[in-house]
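First chain A sits with chain B, and in the next complex the same chain sits with chain C.
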Partner chain A sequence: MTDPRGVLQDVRQGMIPAHIYNDKEIFELEKERVFGRSWLFVGHESEVPEAGDYVVRRVLEDSFIISRDEHGEIRALFNMCLHRGMQVCRTEMGNASHFRCPYHGWSYRNDGRIVGLPFHKEAYGGEEGFRKKGQTLLPAPSLGIYNGLIFVSLDPDAEPLEDFLGDFKFYMDYYTKQSGDGIELRGPQRWRVKANWKIGAENFAGDMYHTPQTHTSVVEIGLFREPKAEKRKDGTTYWAGNGGGTTYKLPEGTLEDRLRYVGYPDEMIARMKEQWSQEQLDVVGKDGFMVSAASVFPNMSFVHNWPRVEEGSDEVLPFISIRQWQPISEDETEIVSWFAVDKNAPEEFKALSYKAYLMCFGSGGMFEQDDVENWVSLTSTAGGPMARRLLLNSRMGMLENGQNVVEPLTSEQYSGPGSTRIGYSEYNQRELLLRWADHLERPMEKAAQLQVGTSPAQGGSPDGTGHSPAERPGSSAVETVSVEA
Partner chain B sequence: MPVVKADLQACQGYANCVVGATDYFDLDDDGIVILLRTEVPESERARVTEAARSCPVSALVVED
Partner chain C sequence: MLVESANERTSKTLSEQSVLGGHAPRTQRTGESLPFNDRLHLEAHRWLVDEAYLLDEQDYETWMSRIAEDVHYLMPVRVTTALGAGYSTSPGMAHLDENKYSLSRRVARFATEHAWTEDPPSRLRHYITNVRTFRTENADEIIVDSAVLLFRSRGDVREAATVSAGREDLLRRTAAGWELARRTILVDESVIRMQNLAIFL
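For the complex of A and B:
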């Protein structure tokens, strides 16, 4: 048996019970309390550019249709027919004005409203028996969009997405707003690895320390301009709002020099200068740091890197990837990985940037393969009884008395928000797990239920008990929501 | 010009026609088909015929 209270106490001290990376009971709690209410990334507006475009994405077991309705509005509709619960959309992406359930033929507009209900009169007695008017596929309880990135939360009272992201938005803009039109995506690639979902999220949030060891061979073959992976320690880790990441230290030079150094052409640099705030430009031009990997709590990550794409040339080219660590079980994760590129980038840049992404990340990427072997092996070992005797030390950067090994950069040294330090540390991994612990500790509110086809708010009760027919006796703790006609 | 005709007694409110050609078909409050237009230009014949033929109870037909 797992003692969640003890686990959370240890985690808050930066001591990580190894079994949390492969523990069924912990995973059940995570499903309920982390994924049951956090903001979760499901897709980007550019994936559904035209009215009727849709993609189907999951929030753990729950399938959502992310559609652009006929009025251009983005919807996230629970992919379950209101009749018998069949999935109404069974393809992964497409364009449709309507979705029709294959079971009994009920159909819905792409904004979720029900249209076709066969034999409504004969089978149900029309509206008297089943209130069809105003019924819609169940929308995601909360939906938020930032820079075109679409998030849903199963918590109807979730704080606004932008409040949740907070100062991390400053850093998200480097990946997703290099010009006024933002990014377009390719993908996603999806594949499963036998590893716990938290490991990748932590790794991308702040693990600069693994690069010289895990990725030695990639550096040795000259994929990067710098001959030594140890250069990683000259960069920073930052934490801001509900996300954090890593940067590389750039060589001396102007803003333009430094953006050219990582491979951006002048026309893209000109648009960045128009788009980004002075502080965002200063992190690069004045302070000399360039964002690399990052994670947003709980399971979304970004990558930005600039490998060589041509054999025998010193030229590098940057790529951006967005990814999600979608939990399948305590020891399995589906990685969903997109290539992202500025919509206004030259076509040649887009093509080479995509090549750079595929070399490094994605289902066949070299970094990906290096990383995953560690994570699979770690997960497997964490499932055994000996792992329960081990509290892993995740206190890097902190002395035993709590003092910092390296102090955060001052506002003279660094122009970005949040807390930023040079060198190796595990502040960001701890920040992620602190939020994880806060969620696991807090019980869930009971969710509202929708009773399909009934109208509890419509006047009196036929049985004279004061209960409308939609109200289930004995379920007073459950708030029942009816959809008005 | 070909015209589309509906058998309102046969219609059972599947809305397959609405899915097929939302500019020709809709349902009223009782779930019975409404013809938004009846004349079908030759250029749209294939699409509207396909929508009409998708009716599970054969309530729709495109005729010359």
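For the complex of A and C:
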């Protein structure tokens, strides 16, 4: 039996009971208390550019239709028919004005409103028997969008997304706002690995220490320009708001020199200069750091790197990837990995950046191949009784008495928000697990239930008005059903 | 699902639609599949079986010597779409979208002493079946369809992983024998149930 209280005490000391990476009871608690109320990434607006476009994404076991309705608004609708609970949408993506349940033919507009209920009058006696008016597919309790990134939370009282992200937004902009129009997202690639979900999130948050060992081979084959992967220790780790990440140290030079060094063409650099704040520009141009991997609590990560993609050239090409570590069980994770690129980037840049992504990360990526091998092995070892006797030391960067090995950079040394240090440490992994421990400790409040057909649905809408879609002014109620138009 | 019918909304092949396939040879099949005793079919079948043994043994150096300079090696991401949607691959995204250079980097990596994911190596078995061959307009090029099932076992007790896919290959006759000039791999799963694609199909 797991003693959650003891586990959390240890974790808060930076000592990690190894079994948390493969423990059924811990996983049940995580499902309820971490994933039951955190902000979770589900997709990007560019995946559903036109009215009627949708993608289907999961929040653990729950399936949500992420759609753009006829008014252009983004919706996150629980994919369960209000009648008998069938999935109303059984595809992964498409364009539809309506979703029709294959069981009894109930149908819903792409904003969730029910429009077709066969034999409403004959079978239910009309509105008096079943209040069809105002019924919608259950919307995600909370929906938030930042730089086009769509998040949902199962907590109707979740703090606003931007408050949750806090100062991490400063760093998110490097990945997702290189020009006024932001990114377009392609993919995702999805694959399942027999590894616990926390390992990848921790790794991307702050593990610069693994690079020289795990990723030696990609340097040896000339994919990575940095002569020694151990160059990582000159970079920083930062933690800001509810996320943190790692950076590389750039060679001396101006802002432009440094952005060119990682492979950005001048026209993209010009747009970054228009888009980013002085402080955001200074982290690169003045302080000399470039963002690499990062994680937002609990299970979203980013990566930015700049490999060589063609033969006989010293040129490198930067790529950006966004991913989610979707928990399947205590020892299995579905990796959902997208390629992201600035919408206004030149077409040739987009193509080569995509090539850089495919070579490095994702289901076939050469960096990723070795990471996953390690994480599968770790997870498998963590499942047995001996792992319960081991408290893994995750205190790198801290002396026994709690003093720092390296102090954070001062505001003179560094222009970005949060707590930032040069060199190897595990501050970020600890930050992630501290939040994890806080959630596991805090019991859940009972969620409100909706009685279908007897009360109107309530739900979040991205405009923050709290109006359910049926209350939207100007909406009409007529319909010809055409699924997958 | 045939490679050529994976997207009915356009007459373009998957290789033509792919982001990085601009350099790829465009030769297409003509006519019906060849009889199984046709010499071209026998040569194609033998080539595929020999290749399967090379891939099982991870003899990637020899394998690369049978890959054309202008190769396009494509494995699109499959998605579940409605029957009438007209496409079943993710627009603009593949698992692998490779040219000779990127394939050569993958192979070079396995030859280092630090490609941990294949050290210790997987036990691999490529099962090749449903082979059929077509002539093209070029006497020295043929199209070969096949089905592949890869069985991959790592460690002693870990559950083995399998991948099932259909393939369409363009083989080209050279002085040194047949070379692979284009391969489109239509994997049969949307979510890959394998820890990575540190393998070739």
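One rule holds in what follows: the second predicted complex is superposed on the first by the 454 of 485 C-alpha atoms of A that agree within 3 Å, B and C clash if a C-alpha of one lies under 4 Å from a C-alpha of the other, contacts with A are read in each partner's own complex, and residues count from 1 in each chain.
Assume a contact is a pair of C-beta atoms (placed from the backbone, for glycine too) under 8 Å apart; a residue touches a chain by one contact, two chains touch by 3 or more.
Since the model is a prediction, treat every value here as computed from it, not as a measurement.
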item	value
Side-by-side fit of chain B and chain C on chain A, or clash	fit
Which superposed partner A:Gln413 touches (first chain B, second chain C, both, neither)	neither
Partner contacting more residues of chain A (chain B vs chain C)	C
Touching partner for A:Pro118 - first (chain B), second (chain C), both, neither	first
Touched partner set for A:Asn374, first chain B, second chain C, both or neither	second
Touching partner for A:Glu220 - first (chain B), second (chain C), both, neither	second
Where chain B and chain C come nearest after superposition, their Cα distance in Å	13
Shared chain A surface residues [contacts with chain B and with chain C]	96
Touching residues on chain A, where the partner in the complex is chain B	96-98, 100, 105, 107, 115-122, 126-127, 132-133
Residue ranges of chain C in contact with chain A within the complex	19-20, 75, 77, 79-82, 84-85, 90-98, 101-102, 105-106, 108-109, 112, 114-117, 158-159, 190-198
Partner chain C, residues of chain A touching it in the complex	90-94, 96, 186-194, 214, 216-218, 220-223, 309-311, 334, 339, 350-351, 354-355, 358-359, 362-366, 368-370, 372-374, 376, 380, 483-484
Chain B residues within the chain A interface of the complex	12-16, 18-19, 22, 27, 29-31, 56
